[in-house]
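Accompanying notes for the structure given below.
Letters are used for the chains, namely A, B and C, taken in the order the chains are written, and counting of residues starts over at 1 for each.
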Amino acid sequence: MWGAGLINGLRITMRNMLRGPITVMYPYEKLELPERSRWAVRSKYFEDGDPRCTACMACVRSCPDHILDLEVTTAEDKSKHIDRFSYEVGACMMCGLCVETCPFDAIEMSHDYELAVTDAPLLSEDLLADVDAASAKRHRELKAAAQAAAEAAAPSSAPVADDAAPTEKGGDDA
Amino acid sequence: MTDARDIATEVGMLAPEGTHDPGLPPAGIRRAPEGVDGLTTEHLIINMGPQHPSTHGVLRMIVEMDGEEIVSAEASIGYLHRGIEKLAEHRRYNALGTLMDRGDYVSGIHGELASALAVEKLMEIEIPRKADYLRVLLSEINRIASHLVWFGTFGLDTGAMGQFLYAMRDREFLVDILESITGSRMMFNYVRPGGVLADLPVGMDAQIREFSDGFDAYLQEHHELLGGNEIFQHRVKGIGTIDRDSALAFGLSGANLRGSGVAFDVRRDRAYSAYDDMEFDVPVGSTGDAWDRYMVRMEEMRQSNRMIRQCLDGMPEGGFTAKVPKVLRPPAGEVYAAVESSRGETGIHLVSQGGDTPYRFHYKAPSLAVLQALEEILPGHLLADVVMIIGSTDIMLGEIDR
Amino acid sequence: MSDVLRVILPVLAAVGLMLTNGVVLIYMLRKVLGHLHLRLGPMHVGWHGVLQTVADVGKLLTKEDITPNNVDKALFFLAPAAVFVPSLMAYAAIPFSETWRITSLDTGLLYTFAVLSLVPIGVLMAGWSSANKWALLGGMRAAAQQIAYEVPLLLSVLPIVMLSGSLDLVEIVSAQGGYWLGFVPRWFVLHPLGFIASLIFLVAGLAELNQTPFDMSEAESELVAGFASEYSAMKFGLLFLSEFSNSFIISALGITLFFGGWTLPWIPADWVAHIGPIIFMLKTYIGIAVFMWIRGTYPRVRIDQLMSLGWKRLIPISLSLIMVTGIAMKVVESVRGVS
């Protein structure tokens, strides 16, 4: 019968209305982001508060839009001091290539998405400023200690969880 | 002090003082050929400007109308041009996916897949079978998501509002799944030369199955709401017909081509990735009108759901990526790789000269051919049909303008 | 003195009702459409957004009134009034209850339709005077549509007039008193011929109101705001206030003609004698909610399909309905006369 589709359409909208709204009233209610969500880049630190970054410049080279920049002063004993690790968060496209490339797990894609500012200069941040860079030696010692602890605790190696994948690429020759 | 009038006069947009002859018809009107009984009417030239609630992106259509009927139509593009092909010449091969994401931004996976396939073809990389399955899984999820956007906006073009939000509700499930797997809701950067970024997280299999189980019923409800509506059928059936020969001549692909009766699908006829393992039907229309294109895409969504099931059931063991160097340097040469994206055949023509950035990166966008076809089929239709026909062809200005 | 008051107070009440209606209906539209579409509608201004329209009215009153350079100034200025005043006049004959009405007119129905037919003139004025091709298209479409659908609107109501024997809306409501078979109220919508008439009335009424599926003149996805594109501030407010007020009028007419007006079935009349107007308003708002339900579901009919529907289908059907009603009435009368 001509018109059956019209009546059926009304029935469908009424049924959907009775299912209830699906609105999440931001900012009063916020959804939790999945673990792999990529938002603003942030520095990571050791337990005692020192930054993990060794100023190796791998992330700076890998960024497609050249928005990361490191200003480093190298002392006579080859130790590096980071004057400024600048990050143009306003231009960042959150692709995550920098975090994938970092060999020292010194930066992460945080879940910080409320990045709107009212002042244009604030779109350029400093991830680190005026700190000593960590040394590769410290990272090696930490890794060796962690490996020894793992072997002592469980002789049979535990399977790697699926989520551990993002920071390990099958085949990096740094 | 120079004001706007001086500047406008200088560039020629405003006639200098005293030179405007009011005897001439205004610039927006063209005199039509002499009609019956020596009566002449004037054609109205209307600009459906780049800012418009209904063109899918920033499309500018200049239509010449005789009353409500279209006499000629011209598409003017370039408002979303960002220089993707030029930028690609300064990006490393593993970062090309970030550019492809922003071309056809609704089907990011397909664009990334095309560029990854091109690089792998050039470098002759073998990727693990699991990576192929993951790529197909996400391609089909992305295809459903893209078709849901098309479905919602197609209804909006005809005036119906309800189905748009119901389609967006379903798309939210998919986009949440994509965010959990890839890390981002739209600019995935997931498919890389050599494989994919990461394996499925724990619990993802159950979440995708939950969506897939309920989706066929939701799809049927969407079809009843919009396609079953007699008003919609009267608006859409028999309108915007592209016959088979025109479709082939204009180089259409995807659902636009299949709606006109040509049974060509890159997934089946030039199989890539894991599609040779998949069992799916390719819906084909007969008359090439907007209704056929609508039915083809609705059926494609159902088939994609079927393929998602097969991917999950048949997911092999193994790694998710091959070992590739950090900086890819393909040998000199050129290659063309194509995928079946939601809009048609998206192809990458890659020319390499051995460095770490491409020499030439051409992005063949399926929607560009549609615009030429539109200029041919729009005359004879009414103004209300213009918006509907553009919606039925599912163009995406991001990939047209690049 | 009290005579003057007795004339002026109802008119002021009608103006007040019209304005309050606009405020409430805009909020209701946004909430109904929102919930139909799985969202919430206004929520922040006042409890669940009830003060939203008040804020919107305040905004419209304080906005800058922009008049483009090339408009036809006299028509541009008068068009909102030409649309608003007939809507206000249409309130005169609507019966809110047996005793509550602005004025009692023997030809109330005819008066209402006559006044509503002045609205397309205002719409055409608005579209024409805006120096804008899109507004012109919208105005011409709206005028053609509204003029075309007045004929089936009036013709579909004639069977009701024949069945009830009067053009006075109060008498039409009283003709719907009583029951068939003891329990089915004698509402004209439940009468077989009245049911068909009510469907035609619904379709023609929606077309008169420029509501989806017949809102070609305000097709948001094509013409942005149609004939009202160039209007700002209170002129725009008046145009859209009159649109909502017209939907109240059509719904009220539909309730009066087909659904028994202010009466409730199965409840003795003296119980509801004092709350008649409240029942009437409730029923009218339910009718408007049905219009909004249709608005949120259906796509738009194309302009040529709309015209062909009106002229080629609705008019022949309503004419034959009048003929069938006449014949049926005579047959029933003679059967009764014989027995």
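We take it that a residue touches a chain if its C-beta (ideal position, glycine included) is under 8 Å from a C-beta of that chain, and two chains touch if they have at least 3 such contacts.
What you see is a predicted model, and the numbers here were worked out from it, not measured in a lab.
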By mean Cα position, the chain sitting nearest the middle: B
Longest centre-to-centre distance from chain C, chain (CA-based): A
Higher-contact pair (C-beta pairs counted), A-B versus B-C: A-B
Distance from chain C to chain A - Cα centre to Cα centre, in angstrom: 58
Rounded Å distance, chain A centre to chain B centre (Cα mean): 30
Centre distance in Å when chain B and chain C are each reduced to the mean of their C-alpha atoms: 42
Interface hub residues of chain B, defined as touching at least two other chains: 162, 166, 169, 225, 229, 231
Of all residues in chain C, the ones touching two or more other chains: 36, 38-39, 296-298
Residue list for chain A, restricted to those that touch at least two other chains: 6, 9, 12-13, 16, 22
Parts of chain B lying in touch with chain A, wherever the complex brings them together: 91-92, 94-95, 98, 162, 166, 169, 172, 176, 179-184, 187, 189, 194-195, 197-202, 221, 224-225, 228-231, 233, 319-326
Sites on chain C touched by chain B in the complex: 33, 36-39, 133-134, 137, 212-213, 215-216, 219-222, 224, 295-305
Chain C contact footprint on chain B (complex, rising order): 28, 44, 46, 53-54, 68, 155-162, 164-166, 169, 225-226, 229, 231-232, 234-235, 382-385, 387
For the chain C and chain A complex, residues of the former touching the latter: 34-36, 38-40, 43, 293-294, 296-298
Chain A residues within the chain B interface of the complex: 2-3, 5-6, 8-9, 12-13, 16, 22, 33-38, 62, 64, 93-97, 100-101, 109, 161-163, 165-166, 169-174
